[in-house]
Amino acid sequence: MAGGYPDLFGGGRVNYLRLFGVYFRLSVMGELAYRVNFYVQLFQSLVELTTALTGLAVIFSYTNNLAGWSPNEMLALVGVYFITGGLIGLVIQPSLEQFITSVRDGNLDFTLVKPEDAQFLMSFQVVNIWKLIDIVMGFSVLITALLRLGNKVGAGQAITFGLMLLTGTVIIYSFWLILATLSFWFVRVENILVIFQSMYEAGRWPISLYPGWLRFGLTFIVPVAFATTVPAEALTGRLTGNTLIDAMVVACALLVVSRVFWRIGLRRYSGASA
Amino acid sequence: MRHIIENKNERKYKLFPLTMTSSAIHIHNLRKSYIVSKRESGVLAALQSLVVRHTEEVPAVDGISFDLAPGEVVGFLGPNGAGKTTTLKMLSGLLHPTAGEVSVLGFVPWKREKAFLRQITLVMGQRNELVWDIPALDSFELNRAIYRVPPADYRSILDELTELLDLGPLLHKPVRNLSLGERMKCEIAAALLHRPQVVFLDEPTIGLDVTMQRRIRKFVAEYNYRFGATVLLTSHYMADVEALCRRVIVIHNGKLLFDGELSSLVQKFTAHKTIVVQLDDIYADLHTYGEVVSRDDGHITLRVPKAETARVTERLLANLPVIDLLVEDPPIEEVIERVFAQGSS
Amino acid sequence: MKDLVVLYLQQFKTTFASMLQYRASLFIWMIGSVLEPLVYLVVWSTVSVSHGGDVGGYTAAQFAAYFIVLMLVNQVTYTWIMYEYEYRIREGLLSPVLLRPVHPIHADISENISSKLITLPVLFVIAAGLAWFFKPTVAFLPWTILPFIPALVLAFLVRFLVEWTLAQSAFWTTRVSAINQVYFVLVLFLSGQIAPLSLFPRSIQILADLLPFRWMIGFPVELILGRIDPIQALTGLGAQAIWLIISLGLVRIVWRAGIRIYSAVGA
């Protein structure tokens, strides 16, 4: 007789991994039907890279030091910018954009009726595999920059870099989630994308450049600094222990805050009394 | 107004036998109100709304109560905005009630416990859950993973659903290449892969052609018969309800107007009967016999008060060259309209 | 002509009311238009400081003036019409628009201006705040007010018409984002958003003069900041007028072609 199925595979974590695998596979299958998207993404990423490099060229035609960053260090920053941008565009952005749409057209109901955590389902439901191009491109630029700097990147530095990259991504994810959760209150929240893009653009420059209040804004209000400058600092020998700790603390705090806000948003959506 | 003469006995499907156990679905004095902001038109009002918010409380569901036994198939009827979808959403845990009790399979739906969600399903007409660009079968994998359906059970339920819904050739085509009806069948299948005990269907046949509607009705009945699932079905289409539901619940303006057998609904709310006469003389003037509702190639439909039926029939047969004569209850759409009209007054 | 005025007045009432409803997202969008010039302001100020106080005739304070004014002018002239049309065609919302006996561009312009009526006051406050912080210096010449108004109006019209034409590309392709991206990059470099055009090599400046981008944003900014002489101002207005005529023509051609495609494919 009917009755649903109890926890299989030990439930919990393993199922989330499995679910992500399914989402990934489905997205790949769907995208492979549109192979031209590969070329479109390649074109767009190259245009973006050219823009960034040309901008740098114009600036460094007038100086060879931008707030203490040399041209090759700036190049490294651009590399990190593309890597983190790629990571965001790979899963976080397309999934949460889809979520925002589903609040409006009511398809969110399908997800809420499922016996798995809605935040997880919504956060990983769409994978834009072509964004791997950005990640590859970012690493190429980064490696080029490091070679030109002549830096020997030790294991310690590489690990810190990886860690900072991870915390940066987690911070951006939590931020995105908070923005997306706003769609429970406001209707036209998909404009958020444009805003994030321009905010994120500010991350192409080292935050030490900005006046105090803007630096604060780009670190704690829209945490772009953690996504780009901080991981780049890890590889150019500027990362302080304080910043490292700060990054990890902010990552954990934001993860919790975004989760709480999400649950508040869900309660509002389902008409629970405050 | 169209009038169909049909054999009354062909409509009902065989359904799951009911037992006297505790309710699968229980609601008591269920209430759901929305706070809606009021605004006049015009630029001045638009600017005003920046400073002052006028709100009012609108009851979508206004104190309804009913119980469904396990395995019952119940039709939930009502015009747009009556509160059907709101009730379904409260039963599936999507909405918190403003007041009242609600329990499904012993769970409180809005708590959204995983054990509860694994046993229900919600199918919404004209809404897609399947991923657009890939074959439905691949989309099924997602539900399979989410509901943790074991491989053997998955294969067997998939085979049964494929058979019952004629899914064979459809499963391997990308969903975007399917027609609306084919897509709906796949959506329904996706929703049932985990063999839920309670099935909520929100206008499942809306927008589908007649053949497909019948197909889906038949499927719902067979599913209910085979698995004993409790089915609560909302619809606009009388045909859905007539075919599937022993019991109907009528809701209007958030209030229950009727809860019982469809036949007694007809009995309670009609003061008229319909007489369909086929005459030799198709231009005959019958207005002295009753209200002429329509003339369709030789068939004239009359509406007469119930009490007069026998007398009018006698007169017709005595005075006119009658080829054929049929006495019927008015179409259920008309009955329901009367129920709604009464409900809103 | 009178009908057009009546039409616009009516359009304004409806679009203003609806834009008020979406004020939240309008303000969110505005953050982007503040941040971009702000970033370049900071970058170029830093460069000028390390370059001995002056880069290409701009001190840090003058860069501040440039980018703050740029921010305001950009807000006056910007559009989002490319996204709008891509969305409309994708969702099939274009048909009701086509059924009306008036050209849809009027409603689009009205919507654009209505939203700016709401955001510009706030942006002025933000500009004031930025000015207080960055202490810009301007060599303001009173005569520039006279050509500035028409320059600003022409800039808005040219930009709107060009971007409206570009928006029609959604009739031909779904890859509108790629086209938009290339366009935005060109605007970024050639309109003076990334740096005052005088900082670019001569060849780029000539290119910027030939293309419409400078006339959409950079020109009014340079004008009001007293960076160009009266002759250049006049020729600039002339260039804007030429581009206005060109873009009007483009709008007509592209719209007709687009309709043909749209109705051939089916709404």
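We just call them A, B and C in the order they show up, numbering each chain from 1.
One rule holds for everything that comes next: a contact is a pair of C-beta atoms (placed from the backbone, for glycine too) under 8 Å apart; a residue touches a chain by one contact, two chains touch by 3 or more.
This structure is a prediction, so every number in the text was calculated from the model and none was measured.
J.: Where's the contact count highest, between which chains?
T.: A-B
J.: Of all chains present, which has the mean Cα position farthest from that of chain C?
T.: In terms of C-alpha centroids, the chain at the greatest distance from chain C is B.
J.: By Cα centroids, which chain is closest to the centre of the whole protein?
T.: If we average C-alpha coordinates per chain, A lands closest to the whole-structure average.
J.: Where the centres are mean C-alpha positions, what is the separation of chain A from chain C, in Å?
T.: 30
J.: Between chain B and chain C, what's the gap in Å when you average each chain's C-alpha atoms?
T.: 53
J.: With chain centres defined as C-alpha means, what is the inter-centre distance between chain A and chain B in Å?
T.: Computed from C-alpha means, the inter-chain centre distance equals 45 Å.
J.: State the interface residues of chain B toward chain A in the complex, per the touch definition above.
T.: That would be residues 32, 34, 89, 92-96, 98, 110, 112, 114-122, 124, 127-129, 131-134, 138-139, 141-142, 145-150, 153, 174, 194-197, 227-229 of chain B.
J.: With touch defined as at the start, can you tell me which chain B residues reach chain C in the complex?
T.: 41-43, 46-47, 49-50
J.: Where on chain A is chain B touching in the complex?
T.: Chain A reaches chain B through residues 1-9, 11, 15, 18-19, 22-23, 25-26, 29-31, 33-34, 105-107, 109-110, 112-116, 121, 267, 270-273.
J.: Note which residues of chain C are touching chain B in the complex, please.
T.: 13, 16-17, 20-21, 23
J.: Report the residues of chain A in contact with chain C in the complex, numbered from low to high.
T.: Chain A reaches chain C through residues 40, 43-44, 47-48, 50-51, 54-55, 58-59, 62-63, 65-67, 186-189, 191-192, 194-195, 197-199, 201-202, 205, 209-211, 213-214.
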